[in-house]
Amino acid sequence: MSEQYPALLVIVPLLSALVISVAGWVNKRLCFPIAVAALGVAAWSSVGLLFRVLDEGVIVYKLGGWSPPMGIAYYIDYLNGLVLPVVSIVALLNLISSKKIVEQQFPDKAGPFYTLYVLMVTGLLGIVVTGDAFNLYVLLEIASLTGYGLLAMGEERAPLATLNYLYMGTIGACFYLLGIGYLYIVTGSLNMVDIARLLPPLYQSKAVLAAFIICMVGVWLKMAFFPLHAWLPNAYTYANSASSGLIAPLMTKVMVYVMIRLILTVFTPKFVFNTLAVHDAVVWLAVIAIVMGAVLALKERNLKKMLTYIVVAEVGYMVGGAWLGNRAGLTGAVLHIVNDALMTLCVFLVVGNIVYKIKGYAFGDLKGLFAKMPFTMGAFVIGALSIIGVPPTCGFFSKWYLILGAIQAHQYGFMVALLFSSLINVVLFFRVFEIGFYEPFSDHEGHEHHPAVMAEAPLTMLVPLYVVAISLILVGLYTGDIVNHIVQFVIPKGFM
Amino acid sequence: MKIIGLIIVVVTGALLIYAAADFPAWSDPASPASTYLSPYFIEKTMEETSVPNIVTAVLADYRGFDTMFETTVIFSAGVVCFFLLRISRREEEEPETRYYRHVLTGVTIQLKEGYKIPPSADFERIDAVWTPPDLIIKTGCRILIPFIQLFALYVIAHGHHSPGGGFQGGVILGASVILFAISHDLRTAVRRMSEKLIGILCAVGVSIYAGTGALCLLLKQNFLDYSALAGVLHVDPITARSHGILMVEIGVGIAVLATMIWIYNNISSAGRYRQGL
Amino acid sequence: MDIMDIIVLVLLFSGLFFLTGGAVGILRFPDFYSRLHPAGKLDTLGSLLAMTAFALFNLHHFSLGALLTSLKILLIVVFIFLASPTATHGIVDAGVRAGLAPWTKGQKRR
Amino acid sequence: MTDLISTVVAKYNYWIYITLMMIGLYAMIAKNNLVKKIVGMNIFQTAIILFYVSIGVKKGATIPILEHGHGPDVHHVVHAVDYINPLPHVLMLTAIVVGVATLGVALALAIRIYNNYNTLEENEILTQVREK
C-alpha cells in the first residue's frame, strides 16, 4: 500500500470532503469525525512518505499511468517531503480545535464548513506534492476558492476584506497561469522537471525572463510579500478564528514553498542567481517587508491584527532567506517554513481560544487574561518567545541560519532587519503580556474590578494548542537532525 | 488610485509587449508548443485510448487528474455560495405570515403566523410578492426545455466523437433547469428539485469521477489508470480507457448540472430561496 | 450566377439589412422598452433570413449530407423563432414587474 | 520599418490579448464599484484564455478531432501537422471553469456586502465602516 501514499495523500481528503458534504445533509454530527479521520489519514501518509523519501530518495508517482511529460506526475523529494507533514499536521490540529468554534458560531453550517476545510487542505497538499506546473494552478485555485469561502464567514467586515483578497488572489493566480503559458510557448512542456531540462538554451530569451517575473509577482501577491500585502491583515483579522487558524499558518507558507520550488526546480538556481542576478534587489525588498511589517504591527492596538502584520514580516524572512542565494540562507528559509507554520498556528490557536471565551481580541479585552486563562496564555508565551527567537524554541534556529546566510552573502541590511524585527517583536509581545498580567480583568459593561475567575477554554481546544507549543520546543531541540537528514538534501549541488 | 492603476497597467503591458518579441509568430507550425508534446497526443491518442476527439482524451485521460480537480473547483464554488449566502432555516422560519394558492381556483390564502397547510397537490406555497408566471414565457420554455435537455444529453454522450463532453453538457442541462426557474418561480423549481437533492448530486458527481479513479487504485493500478477497469468491464485495456473516460464525463456532467443550479438558486435569491433579491 | 445564387444573395442581404436596422434601433430608441422592440423583432427576422440563405447556399452541391446540414440549420431557425421573441417578451415582462415606467414624449432619453 | 510592421502583424494575437488584459487589470485597480471590478476580473481571465487558445493554432490544420471510420478495420494515418495543438484547449477548459467558479464566489461575496451596507460603491462602504 505504501507505494500508493502519494495518491492517498490527496485522494482521501478529497473523497472525504464529498462524504462530509453529503453527511451535512443527512446527519451533521458525522461531519467532524469524518474530517478528523480524513486529515488523520493524510497526516499518516505524509509522514510515511517522508520516511520513504529518507530511505529511497525522490519518489515519482504517475497519475493515470502516463509517464511525464504526457501525463501528470507527482514528485516527492526532500523539500516537499518536509513540507507535507507540516501542512497536514497543522491542518489536523487546527481542525480539532475548531470543533467548538463551529458549534458556537455557525452550528447550522457545520457540513459546508468542514467540506470546505478538508477541500482546502486537499488543495494545499496537492500544491505541495505536484510536479506539474499547470496542475499546481488548478490546486491553487481550489485552495484559494475554499479559502475565500472560509475567510468571508466572520464579522461584518469579513466579506469586503475577502472580496479584496479575491481580486488580489485572482490577479496572482492569473499571473502565475500566464507565466506558465509563457514557459509553455517557449518550451512546449508543462512538467516542472521537463521545463527545467528544456530551459538552459533559452536563458537569454526575453520570454523566459518575463515568465519568471510574472510568476514571481503572482506568487508574491498570493503570499502577501510587502508591497503586495494590503489584502492580508483585514482578510485574516475579520475572519472566524477556525478559518484564520488554518489559513494564516498555511497559505503563505505553501506559497513560499511554491516560490522556492519555482526557483530550485523550474527556473533552476543557475538562471535565477547567475543569469538574472537580481537577488540583491529582492533581498532589499525583503528587508523593507520585514521592517514595514514590524512597524505596522507596532501601530496596531488589536491582538489579531498585530499578528497578521507579524505574518507579513515573517514572509519577508522567508523570501529574503530564499533569495540570499547561499546554503545557510536557503536552509533558514526552508526551516522557517516549518517553524513559522507551527508558530503562527500556536498564536492563532491562542487567539481562537481567547475569542471563544472573551468574544474580543482588542488589547482592551486582554486585561487579566493570565489569571483567567492561564493555560492558554502559557502556550501564548511559548509561541511568542518562538516568534521573537529565544532559544531553545525553534524560531531561534531558523533565524540563526538566516542571519548566518546574510553574513555569508554580505547582506548586512537583511541581518539588521532581522535583529530589528526581533526587537520589535519583543516590544509587541511584552506589551501584550503586560496587559494580560498586570491590568485587572474587567467586564465589557461595568467598570467594577472583580477578582478574575478562571474560565479556561475547553479541552478540545487546549490539547491541540499544547501539542503545538511542545512541538515548538521539540522542533527547536531537533533542528540539527532536521537540517542534517532533510534540509541539506534540498539544496542543489553547486550552491555555496 | 487611477494614476497608480495606470502606472501598473503601463508597466505590466510594457513587460508583456517586451516579452512577446521572442514569441513565435501566430499559427506557426514550427513553434515549440506545436512540436514538442502535441504531435504525441495527435498521433497516439487513437491507439492508446481509442477516442477520436483528442481534446476529450487529453482532458479526461492524459491530464485526467487536472480535470478531476477542475470538477472539484466547481463543486467548491457551489459549496462556498451555499455556505456564504444560505440563510439558516432557524432564522428564516421565524413567525411569518404564509401565503398559499389554491391551484385550481387561483385563490390566495393568507395564514397567520404559526399556521401551515400540509403539503398537498391542491395548495402551493407562494411568496407575498407572487404574481402568476407569464403565459408566453411559460409556454415558450415548456416547449424548449425538453429539447435543450435532449441536446445536453447528446453533448455529454458524444464527447468522444464531437466537440462536447461533461462540462458543456452539464452546463446546458443546468441551464435548462435554470430556465425553468426563470419562467416559473424559484419556489416551484426548488419544489421539483429540492436543495438537498442538488447538494447531494454535486457530491455524487464528483465522487463518480474520484471513485472511478479510486477503483483503479483498488485494482492495483495507479490512480485514474482506466486500463485497470478492463477486467471489470470485460474489454481490452484500450477500450477500457474509452469507457473510463465516458464514466468520468457522466460524473462531471452531474456535478456541473447540480452546481450550476445550486449557485443560481443561492445567488438569485440571496440565500432566501424566494423570488428576487 | 444561377437563380439559386440570386435567391441566396437577396435573402442574405435583406437579412443583413434588418440586422443593421435592429442595431441602429437599439442605439437610437429612447428607453428600455422601445429599445427591446428592434432587438426582438428585427434581429429575429434578420437572423431568420440569413439562416435560410445559409441553408439554401449549403444545398448548392446537392447530397444527402448537405440536405441534413441544411435541415439542421433550419432547426436553428425554428429555435430562434421560438426563443428570441420569448426572451424579449420575458425581459419586457421583468421590466414591467420591476416597475419601470415607459418613456413618453417630451421626456429625456434614458 | 517593413520589418517592424511584419512582426507586428505576425504576432497580432499577442497584442490583442495584452490590450484586453490591461483593460481588465485597469478596471480591477481603478474602478470604484465592486461589480465593475468583478467584470474587470473576468476580462482579465478571458484575456489569458485567449492567449492560450491562440498558442494552439497551426496554419493549415483543423480541429483536433480525428477522422475515423467505423469498425476495427478502418485505419487512417494521422499526421500531426493536420491537426491543431489540443493541449491549450484542454488547459483552457480548466481555466474557464475556474473563471466561472471565481465569478460565482465573487458575486456571492458582493451580495453579502450589499446586504450589509446597501451599496456596492467601495468609497461609500469605507465611509460607513469608518463611521462605526
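What to note about this one:
Here the chain labels run A, B, C and D in written order, and each chain numbers its own residues starting at 1.
Just so it is clear, contacts are C-beta pairs under 8 Å (C-beta built on N, C-alpha and C of every residue); 3 or more make two chains touch, one makes a residue touch a chain.
Model, not experiment: these values are computed from the prediction.
Under the touch definition stated at the top, subunit B and subunit D share these contacting partners: A.
When chain centres are defined as mean Cα coordinates, C lies farthest from subunit A. Averaging C-alpha coordinates per chain places the centre of subunit B 30 Å away from that of subunit C.
Rounded to whole angstrom, the centroid-to-centroid distance between subunit A and subunit B, based on C-alpha atoms, equals 32 Å. Taking the mean of the C-alpha atoms as each chain's centre, subunit A and subunit C sit 56 Å apart. The residues of subunit C never reach two or more other chains; the list is empty. Among the residues of subunit B, those in touch with two or more other chains are 16, 20-21, 23, 31, 33-34, 37-38, 41, 63, 66, 70, 73, 76-77, 80, 84. Taken residue by residue, subunit D touches two or more other chains at 25, 55, 87-88, 91, 94, 98, 101-102, 105, 109, 112, whereas all remaining positions touch fewer. If the chains shown are joined wherever they touch, the resulting network has some other arrangement, not a path, ring, star or complete graph.
Interchain contacts (touch definition given at top) occur between A-B, A-D, B-C, B-D. Partner subunit C is touched in their complex by these residues of subunit B: 131, 134, 136-137, 140-141, 143-144, 147, 182-183. Residues of subunit A that touch subunit B in their complex: 4, 7, 11, 14-15, 18-19, 21-22, 24-25, 61-66, 69-72, 106, 108-109, 112-113, 115-116, 119, 122, 126, 132, 134-135, 138-139, 141-142, 145-146, 148-149, 152-153, 159, 182, 184-190, 198, 205-207, 209-211, 213-214. In the complex of the two chains, the subunit B residues touching subunit A come out as 15-16, 18-24, 31-38, 40-41, 61-66, 68-70, 72-73, 75-77, 79-80, 82-84, 86, 88-90, 196, 199-200, 202-204, 206-207, 210-211, 213-214, 217, 221-227. Remark: subunit D residues 7, 10-15, 18, 21-22, 25-26, 29-30, 54-61, 63-68, 78-81, 83-91, 93-94, 97-98, 100-102, 104-105, 107-109, 111-112, 115 touch subunit B in the complex.
Interface residues of subunit B, counted against subunit D in their complex, comprise 1-2, 4-6, 8-9, 12-13, 16-17, 20-21, 23, 25-29, 31, 33-34, 37-39, 41-43, 45-46, 52-55, 58-59, 63, 66-67, 70, 73-74, 76-78, 80-81, 84-85, 161-163, 167, 263, 266-267, 270, 277.
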